[in-house]
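Multiple structures follow.
Here come two complexes built around chain A, the first alongside chain B, the second alongside chain C.
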Partner chain A sequence: MNNIESLKSYFSSEIVLILGLVVLIFLSLRRGHSDHKSMSPASSVVSVVTLFLAITAALSVNFTESQPLFHGMIALDPFGQFFKILIMGTTLVTVVFCTCSRDLENTPGPEFMAFLMALCLGLNVMCVSNNMLMMYLAVEMASLVSYIMAGYMTENKRSEEAGLKYVLYGGLASGVMIFGMSLLYGLTGSLDLVSIRQVVINNPPDQLILFLTFIMILTGLGYKMAIAPFHMWSPDVYEGAPLPVTAFLSVASKAAGFALTLRFLFVAFVATEVEGTWSAVSAIDWQMLVAVLSAVTMTVGNVLALQQLNIKRFLAYSSIAHAGYMLMAVAAQSGGGLEGVVFYFMVYFLMNLGAFLVAGVILNQRHTEDMRDYKGLVRQGASGLFLALTLSVFLFSLTGIPPFAGFIGKWYVFKAVINAGLLWLAVIGALNSVISLYFYVRLIKFMLVDSAEKNDTIERVPLRFASLISIFAALTLVFGLYFAPLVKWTQASVVMFR
Partner chain B sequence: METFIVSVIFIVTVGSACIVAFSNNLVYSAFALIGTFLGVAGTFIYLNATFLGLVQLVVYAGGILVLIIFAVMLTSKINESSRSNPGANYKAVVPLVLLLVLLVGRILTRDVWTKDLSGMAHEPTITALGNLLLTDYLLPFELVSVVLLAAMIGAAVISRRKVKTQE
Partner chain C sequence: MENVTILTWITFIPMLGVILIPFLPKAWEGASKWIALVLTLPQLAIAWFIFSHFNTAEAGFQFVHGPFPWISAFNIHYLVGIDSISVSMVLLTALISFVSVVASWGINKNLKAYFALLMLLDTGMMGTFVALDFFLFYVFWELMLLPMYFLIGIWGGPRREYAAIKFFLYTLLGSVFILIVMLALYLFSEGNLFDITQLANLDNHLGRLAVTDEFNYFRFFCWLGLFVGFAIKVPMFPFHTWLPDAHVEAPTAISVILAGVLLKMGTYGMLRFNYMLFPDITADCATVVAVFGVINIVYGAFCAMAQTDLKKLIAYSSVSHMGFVLLGMSAFTTAGINGAVLQMFNHGTITAMLFILVGVIYDRAHHRDINGFGGLYTLMPRYGVWIAFAFFAALGLPGLSGFIGEALVFMGAYKTFPALTIAALSGVVLGAAYLLWTIQRAFLGPVNEKYRDLPDISVREVISLLPLGVIVLILGVYPMPMIRLINASLVSLNEIVKPFLDTAGVVAGMF
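After this line comes the complex of A and B, so read on.
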């Protein structure tokens, strides 16, 4: 479809985001706007309205059929739409999170919101790119803005370190990726994923070079998904970045990375589909590769999470482990596996953001990221009880214990893996879940069983946080028992343009 | 003649890149970068990508390099910086780099590339680029502007000092 037609009805949520970005930049130029003000109400309101409009626009797109837009640059399909809505939802929560966060006090507010919109736009484009040029550009757009946001607390050494480390890793990863892309272009003569598949199937290029190319591109994508062995940056960046940014990166950035990887794998490198099961192109058997990556990722994430006492690092390693579980479903190479990833992301959104929100409240009041300071939380007033119980819900769900939503997510993933005949991977996944039980439950024990060194009560939780946390906790419980609507949406969302 | 030109370009590019990487003096490194940029521009022009070659000259050699040299010259105590890990991983790096060079060399010298460029007319690429940018590649072209806007504001926000306002 040509540019004007694509712009008219299908690109509206992106246009809304760009307009919001421009308004926010003008807000920051207002006369009398002081640097020392933290998040100003006007900028948060503008961001929230922008995101609402953008989500409505994305929801209102009707799919008669999936089709390419902008001369094949991006693809219009339910798969992309799902991830776009997930990312914009995360951004919405992050905006609310930012409005009262200790980390972001004394930093320029409207600019921060503008970056958030730009990041959201970049991630949105990542989910729908169907062309290697767009893929690279979207990754670069998302990364550049994330670097800025990770180092946003300019007075804080750790935040600066996080920003710089992120830049160095990101620069290298995207350099390797674009080198790989240039080689793939040389091999196939096309930037378009659909045409690449035609070439790879019909006249397979040199196998060794194709494989190296594939690995190179996977390096860049793996860095975005934060999977082992490309995960090194994430604990340090997650620890140093402002807490709302960490929460955002761990959900939205990862989701976009997965969307892009899935599209890359399932559009350019699958050969045939038989009853919902795909087979990889004969030149590259990526099933085994992804399976091994997934096993390594979850093991690294879970084993390293065992020793963490800083809540941000702890959640960083836990998010690496969860990327491993999701990758397991990718390795299944089936419609069921795709559904597993999509479903897992929905529950991951709830439980991970929920955990971060609770950590944010405690950071605001106690000025601590150390998990030992969570001891006896349950006995520290009504707010303490509320925080301890909701965080326990999120942690149990992250472990994957019924009746919480996390269990259903894991169940879908494991089902897909076993159906694909990758029993060894399922066993490793199960062992990893057992390991993860230890460190999640340790934090729960800190909060519920241990007693605090000094007993001061937690003050009232701000209404915005309290309502978000209770909604997330309630949904985590509800979706653990009644998940039919999610399944329906999931099944509708795995349709991909190819 | 062609081999001569190619080898001169190669030697200039890689030679100055080595100085950039290995020189202990940051000022030397910054100045050596000009050789690398010129070499790359030469490669582009040699490959008939005239527009890219010129952009390389104007943007990198003309703009970015000057900026880097300014930054290096204006930073005080630049030669007194202490290295926290002097040559820590050379043992691991050398074989890895060698492996990479062999691998890339093997890739690039194989005859597997689809596009045969020998029959291409030697004419400027600017017209074709301009047409493509405003038709097929309009979306990436426009998105780049948003990327640059965000990056620019980001650089300003990150680097500015807090101005003490009078209460």
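After this line comes the complex of A and C, so read on.
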């Protein structure tokens, strides 16, 4: 397919995003500096419309085979499409989140939204990159914008710290990654993932150097996914960044990281001997490596979350743990495992964003990130009841107990892992969900069991938030009991890997 | 009877309460207990229908409803049915649910939430006993945890939060093992099954792997995972430490449910899954299970003797009494296994009475210290009669139902494990000791003037005790209806396991 064809029929959602970005930039130039000190409705409307069109464009493309675009720089397939839609969906929720967030009160709307669109674009491209050059460019584009957004609250020291930490870690990680990529290019003579696989299988280079190269690239990817031991940045960044940005990073950025990693691993480093089954290339047995990383990641995330009392740090560690669960499914090295990752992201999207939205409402009204201030929330008026119950649904779902959707996500993952014969990993995962119960339930206990220290009621929740939270909570419950519709979508999303 | 809906009804009728009660206006809060009561009555009626229409000669599943595809991509179905292992538990659950609603009448904090959660718990318990699809079973099994956590954590005693989270963590630890085994069985069975009735067919396991050492290891670890998962719920020594805490802190009605129904799920799960799905491994491990049963009996009894808190004493007596169930189950004689299931039912009714009676005195005196009372017979004669009745039932007095179950267990177990049975008999002596000693300390002796004007037991409290008392008495004199009810499937279960008892041990060969 030539470039023009690629551009007009299959790259449409990215083009829409770019157009939206341009409009937002003009919007920020048009008015005088003085009257856009806040989230203006115009910029939000433009962003929502842009994202809506972009999602529609992504949904309208139908295919089952992988299509190489732009001479193989980008692979268009249902897998990438799934993650693109997930990321754009998260962006859409984030836009709504930003319109009513205390952290972003004094932020110029058009400018911020333009950054958000640019970040969304970068993450979208990450999901479909099939070439190391493209991979690196996409990662850098997403990272640079993320650094700015994490440090957006310029009057807040913590936010500045978050931005700087993010830059330092990110700079190091991507430096290591591009060094690894250059070595891999030197070893295989190609930047294209498919050609790399040919070389690695048929003409394997020196095993030690290849392994080091692999680790270096994994460092960069691991940093994007926030998995241990590359997770150190995430609690501080999550704590310092404006809450909507934290929510966005914890879902969209992680999703793009996983999409990229999966593509890297499953295109360049697997040997498909029989249709539908995989094994790692003989040069690198990455299954064990990923399995160990996953065990470490979830244990680190869960154990460190036990101590947290700041809601943002708490959710940061919890999201590290969830990255560990998803990595379990990657280690399974099977179609079932890929389905597990895809399915897990669907429910993770619902429950994690839901939890962040509730935390956002409370931050707006109470000006607190301390979980102890959630005490007795259930008895603080109708809105308090609503928030406490929905947050409990999200937290129980994050724990992974029926009848909530999080259980089905875990179920998928465990199924894949056991099927791959990694029983020890399943046991570690299971024990981890028991650990996680303790801290999730502690927050639930604060809200539902304990009594409030001060007796004030929660004001009305803005309609935008209330409706989003209700939809997410309802879906979390519905998909926990009847997930057949998601199964089809999941299977369709990984079809081309078979 | 095929494809009748009554089991679905008996399971989901309480869900109406979960949906209706939260929408009651604040002024009508009191109506929530009436709604709960009204919803447990049809359950009782259906339970009676099941009791009278159950075909006692049939060993297979009856009143089956389903299978209906639920998630067809993974072969998950909605399938419920009962055989004579679960029928007594369904009756017990219906009865205890009713009793617990009556026993909750005095709750005055957050009525709507309390009764909605109680109804959710009711559905979860009933569903666990009737589910014949492993996935469905697991969903019901976990569904009980949420209401139980809140019922202990919000309405419990002073250390309620600690007790509630301890209960939650322990039970979840058990159930994640069950989850892993469920998935392993699904993946390795021929045709990827969740259906318990089909999983019970050994050929469905054998398809994937030949009978090799590896296969036996796999099956042994599956057995172990299930066993640990269920043993935590029983609770079997050394996993029993959550029970005293949960019992002491839980409100009366919740203790009743905990002792009456929840503990039985552990032993029920063993019979349904460990015995039906892995008869060969079960046969090999029987002695170990029996030893743990005896430890439970003796250790539980000694712990009970050391208690000064009345509720804690009864909690430990539960540990002791559930040991009889484990011992009876592992003997593989008709008397032993019948005795075990009968003991499950009897313990449910007797301990429920005991907890209600403790609740009665706690509501009045606001403490449960055995040494802090004295001469209560003189002050509360009617209450004293009930206490004596329940205590004698618990210590296994002939003529009351506790005796029948224990006697059958001993008769059955003696053939297989003579030495262990004799050791277990000491549990009966110890049981008599701590119960009679308690009566002596708290109810006889000089009257404690502080409690001179305690009112005697009220009509509502008698209503909650009466059905249990009547059943304890009837089954003590004439246990045949219950034994006939539970016999058929247990005999066939015994027949499945027996052939493996004589053959060379699979597990012994492994180590």
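What we mean here is this: the second predicted complex is superposed on the first by the 486 of 498 C-alpha atoms of A that agree within 3 Å, B and C clash if a C-alpha of one lies under 4 Å from a C-alpha of the other, contacts with A are read in each partner's own complex, and residues count from 1 in each chain.
Here is the rule we go by: contacts are C-beta pairs under 8 Å (C-beta built on N, C-alpha and C of every residue); 3 or more make two chains touch, one makes a residue touch a chain.
The structure displayed is predicted, hence computed values, not measured ones.
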Clash or fit: chain B and chain C on chain A? fit
Mind working out whether A:F269 is in touch with chain B, chain C, both or neither, as first, second, both or neither? neither
Does the superposition put A:L137 against chain B (first), chain C (second), both, or neither? first
Counting only touches as set out at the top, which of chain B and chain C does A:I418 meet: first, second, both, neither? second
Have a look at where A:V427 lands relative to chain B and chain C in the superposition and call it first, second, both or neither. second
Looking only at contacts as defined up top, I'd like to know whether chain B or chain C touches more of chain A. B
Taking the superposition as given, does A:F97 touch the first partner, chain B, the second, chain C, both, or neither? neither
Look at A:F349 in the shared chain and tell me whether it touches chain B only, chain C only, both, or neither; answer first, second, both or neither. neither
Looking at A:L121 after the superposition, I want to know if it touches chain B, chain C, both of them or none. Which is it: first, second, both, neither? first
If we overlay the two complexes on their shared chain A, which of chain B and chain C does A:V441 touch? Say first, second, both or neither. second
Three-chain overlay, closest Cα atoms of chain B and chain C, distance in Å: 40
After overlaying the two complexes on chain A, where does the chain B footprint on chain A coincide with the chain C footprint? none
Interface with chain A, chain B side, in the complex: residues 103, 107, 110, 112-115, 135-140, 143-144, 146-147, 149-151, 153-154, 157-158, 162-163, 165
Where on chain A does chain B make contact in their complex? 3, 6, 18, 21, 25, 34-36, 70-71, 73-74, 108, 111, 114-115, 118, 121-122, 125, 133-134, 137-138, 140-141, 144-145, 147-148, 151-152, 154-155, 163, 183, 186-189, 199, 205-206, 209, 212
In their shared complex, chain A is touched by residues of chain C numbered 70-74, 138-139, 142-143, 145-146, 149-150, 153-154, 161, 164-165, 168-169, 172-173, 176-177, 179-180, 183-184, 186-187, 221
Contacts from chain A onto chain C in the complex sit at residues 396, 401-403, 407, 411, 414-415, 418-419, 423, 426-427, 430-431, 433-434, 437-438, 441-442, 445, 448-449, 481-484, 487-488, 491
